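Some notes on the structure that comes next.
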Amino acid sequence: MTEIDAKALGADGAVRTASAFPPTPTTVARRPFRASPKLPLSLVGFAAFLLAWHLAVEVWRLPRFAKLPGLVEVFVEWTSTDPMYGVSLFTAEYYQHILVSLKRIVAAFSAATLLGVPLGLLLGWSQRFREYVFPVFETLRPVPILAWVPISIILFSGAETSVVFLTFIAAFFVTTLNTMTGVQSIDPSVVRAARCLGASPRQIFRHIVAPGALPHIFTGLQVSMGVSWFSLVAAEMVSGEFGLGYLINTAYAKIQYPTIAIGMITLGAVGYASSALVRLVGARLMAWRLREIGVGR
Amino acid sequence: MAAGPTGVAVARSPYALRRAVVALAACAVLWQLGARLDDWTGVGAPGVGALPSPVEVAMAAGRVVVEPGYWISSALSFVRVMGGFLIALAAAVPLGLLFATNRTFRAIAFPVFEVIRPIPPLAWVPAAIIFWPTQEAAITFITFLGAFFTITINVLSGALSIDPRFVEAARSLGASRMTVFRRIVLPATAPSIVVASSIAIGLSWEVVVAAEIISGSSAMGSNSGGLGHFIWASYLGGSYDDIIVGMISIGIAGYLCSAAVRKAGALLTPWINAR
Amino acid sequence: MTDLALEPASRGAPQTSSRGAISIRNVVKTYGSGASQVTAVDDCSFEVAAGEICMVVGPSGCGKTSLLNAIAGFHDITSGEILIDGETICGPDRPMAAPGPDRVVVFQNGALFPWKTNLENVAFGPTMQGTMTEAAAKARARSLLAEVGLDDVAERFPGEISSGMRRRVEIARAVINEPRVLLLDEPYRALDALTKQVMHEALLELYYRNKVTIFFITHDLEEAVFLGHKLVISTARPCRPKTIIEVDIPHPRDRSVITSPRFRELMEAAHEAVRQEAVAAFQAGDKEG
Amino acid sequence: MSAVAERRASDQTAAPRGRIDLHRVAKTYGQGRLAKTVMEDCSLTIEPGRLNVVIGPSGCGKSTLLRLIAGFDQPDAGAVTADGSPVRGPASDRLMVFQESALFDWMTVYENVAFALRAAGRGSRDIAPLAKDVLERVGLAAFKEKYPGQLSGGMQRRVELARALINDPAVMLLDEPFRGLDAMTRGLMQEYFLRLYADNPRTVVFVTTEIDEAILIADRLIILSNVPARVRWLVEIDLPRPRTVATLYEDDRANDIKREAIEVLHEEAMKSFRGAFRERASKEAVTAGSK
């Protein structure tokens, strides 16, 4: 599974093209370095990582490392019913931060999907529409998300809306671009086949273009989810009240260093889970792809 | 036919250029109208009404580009981007290749890598500031993180998708393991490295700007300079036209960097476009 | 209506129920303009009788596919005229034919919809055109799949079956529309020689049961002589008929004809005809399509 | 006389090298439910100094046979020996030329051809005349600075042959080398290959699925059965040389062999035609199972 995960999560979704059929067995066979990692070895990896963290910070107290929160310290704080700095698995505040961040992600991600997918389909489908709209899109795209911060604060009065807006913008560009690529990567013969079988343009859009672009759309949605978290954290650090980015930020200001680590770990976990969810939905919708590679039934 | 920005060959009509100009001009005109509507009619346009007009932005740009401060900011950001990006490149390419060629190492280290990867780079800001002695080092580190994971993953998947026949053909021709690595695996992965780099340098700009704004806007760190800070300072100072000048500058800088990486990549992989 | 005098029917061809006579008259197709102008098809004229299997043979990239695309309605023609059953589908007044289910194409690399099951693929045409209800279309599709020996993979996706089977599904998807003309663009190119031979016999069986005109593009001489009533051997770029060989081996045919004396004679004749073209292309070092 | 030709001349006195024996070889890919036995109790001799052509239905184990001889895979049972000593791994005196083309995209034609000699540590002054000679022999001296992607399919195959020939291997293993070429180019490549072989005789194992191709080039024709692969039919092709594609239509003996071969092969091919779905499933097992 690692191979598939690695590809699916890569930030390069836009450049991958999905072929309609898997490569013939003769070419796919015998990848020189292919094998899935074995679980016990990965445990060795985790153990080494955690041990290094513990030793460097808490035992040897290496220069510079000594100031970082240590493994034991973080673990104790995280699982404490009465945490020293107010945030642990047993405090309501912890979940409130997670919930606020999640709400913002859901709002921004769904808005980006609902707008980006249709726009991307249209961009890929109509050459005329693309030639008018895409240059505008490409002019705006290189501007980094955080450079939008002041503008979004000016445009939207509340901090809440502007945080969601920033997250939305990031996801929107990724989703739209990948959807467009998805449409463009459909084999032209497939569209021609549908035409000569008597399908109308509307039927082609519904039966050919939309499902044909689906693999790219979902690659895009996974990247989009990653980018959403990226921008959300940045936005929350600048102008949030609550949220995991805000938690990390204030923990630093109040010198509550273990809380920083708790925030980071939580972000990693929640971010990973949300990407996995997108992947799961994608797999559901694209049973044909799983069955091609012999995973599904 | 021309390769689009996404690598898929896309037909371009003879009107493409004209349509692009028309669309961009229409946007500029609408923006101008929206921004000045309040002055002319007393009724503000929603959203755009709060922004400076394109004419004001153009004038601000004319003013700003002759100020040395603007160029110092640009240079600072550029140095940070290049620092983070180059260190990431130097670290990620060997790591990706190691993951690909050494199965045991991959089994041990890749899961740890995968657990750390979903943590957004900016969540590292506080930890980086605590750890690194200077703010400059911290910002470079964050920039490094942004590029590092992307390059590693792409190099790994690029190396894993090498056609096995290349490796077998080389072995059949008597190549040693080292030769296979140097003359087969490395060049066959080169196109992935190029693609990854052009994505990663874009990410570096994202991260640098974010880090500069965060360090200027929160309790963390102090005025860091750079284009991100330029935008934030313009916001605090109320000169909204400068904000947009800053955004455009960063957009252009990021675009140029990606283009330069792609160009360098094309020179390093001459066989790709030799047709 | 005076045109009728020119129709093949008036030349004494039997008036059967079979449809799909193709007349290609002085067709020219050029791409680009000015210095970069390329002529793909040049003053190409020939007739395909209704119910006939016509094999168009030529080196890859010689412009045969442009001709097929013009008949299918994917490309316009620069000049000339194409008629089906006496009816102009493209000509001076209308350079591009409208694609339709009366002229169905089977593509070189296959164009099954990977996200639909084989059954849904075959039922696609009638369902989209609304000529059958979905249930009726599926029932018909199932019986056609059974005819080509693939009923047991009806519920599978195309990506799950072998490429030889995919080709059979694709031909069934075309035949279900009862087209006047079946346009085959090197459909077996990617298959190995032995699978190909099996596919040829299967195609002929289907042809005997569902009479249709077949316009088949290939570069494989044995395939051409084995399947065709007629070989139209094209020059290498631009495409223009160079030699027309009538294959007088009676149908139904099976693999035993391949080693018959008449087959060998025809192969030799065809081989002579294409050799110069192939040598020209080989020495020029042109890329294969 | 060219450098390679000299080297060859010095070998001429010795008995031809490159006898390959497979003795009761078995090979299974995959495990458990997905296991597929590709070869079982397969014994076969590749005669030295001759053109041995192996033909069989797709997925019958022809490629496995080559992989075992090349040393990429090891048999599960039985033995593969080259000139009496067991095959333990790939070596440059048993060279494989892959299906379609496995030229290194990132190297020029010259670098591709020089690859093996460089890998063996020879200096470029040593290599240059050999590479020049071999490229002239395949008629591509003018293209030595091009990348493979810039050549036509037929030219790529010739570079592939040159890359193998420069090593003067005792055994050349060709896995459907002309597959994917259009039928006309293919005919010309076959004739070209025969001329090249006449000047550079050695042991060749040539795998194909085309009966015409097989009869045209072979000294010995080996027809394999459907999986698990065994020798189904072995025939000496004693047609006079030089042969051309037209020989196949003109020569009655060739036609007789063809008729018989078609029947045998059709029988074997039909076994997998009906069972094509099962076959694909087990191909996946091969994919999953081999490393």
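Every chain is named by a letter (A, B, C and D) in the order it is written, and numbering of its residues begins at 1.
In the analysis below, a contact is a pair of C-beta atoms (placed from the backbone, for glycine too) under 8 Å apart; a residue touches a chain by one contact, two chains touch by 3 or more.
Just so we're clear, the structure is a prediction, and the values are computed from it rather than from any experiment.
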item	value
Chains contacting each of chain A and chain D, listed by label	B, C
Selected interface, B-D versus A-B, where C-beta contact pairs are more numerous	A-B
Separation of chain B from chain D, taking each centre as the mean of its C-alpha atoms, in whole Å	48
Between chain A and chain B, centroid-to-centroid distance (C-alpha), Å	17
Chain C and chain D: spacing of chain centres that average the CA atoms, whole Å	34
Residues of chain D touching at least two other chains	280
Where chain C touches two or more other chains at once, by residue number	156, 160
Where chain A touches two or more other chains at once, by residue number	29-30, 34-35
Residue ranges of chain D in contact with chain C within the complex	57-58, 151-155, 176, 179, 181-185, 187-188, 208-213, 245-246, 249-250, 255-256, 258-259, 262, 265-266, 269-270, 273-274, 276-277, 279-280
Touching residues on chain D, where the partner in the complex is chain B	70, 72, 90-92, 94-96, 98, 102, 104-107, 115-116, 119-120, 146-150, 163, 167
Complex contact set, residues of chain B against chain A	4-8, 10-13, 15-16, 19-20, 22-24, 27, 47, 50-51, 100-101, 103-104, 106-112, 114-127, 129-133, 149-150, 153-154, 156-157, 159-165, 167-168, 195-196, 199, 202-203, 205-206, 209-210, 213-214, 217-220, 228, 231-232, 234-235, 240, 243-244, 246-248, 250-252, 254-255, 258
Touching residues (chain side chain C, partner chain A) in the complex	72-74, 99-101, 103-105, 107-116, 124-125, 128-129, 156-160, 163, 173, 177
Chain B-facing residues of chain A, complex	2-3, 5-7, 9-12, 14-15, 17, 27, 29-35, 37-38, 41-42, 44-46, 48-49, 64-65, 67-68, 127-128, 131-136, 138-140, 142-151, 153-155, 177, 180-181, 184-185, 226, 229-230, 232-234, 237-239, 244-245, 248-249, 251-253, 257, 260-261, 263-265, 267-269, 271-272, 275
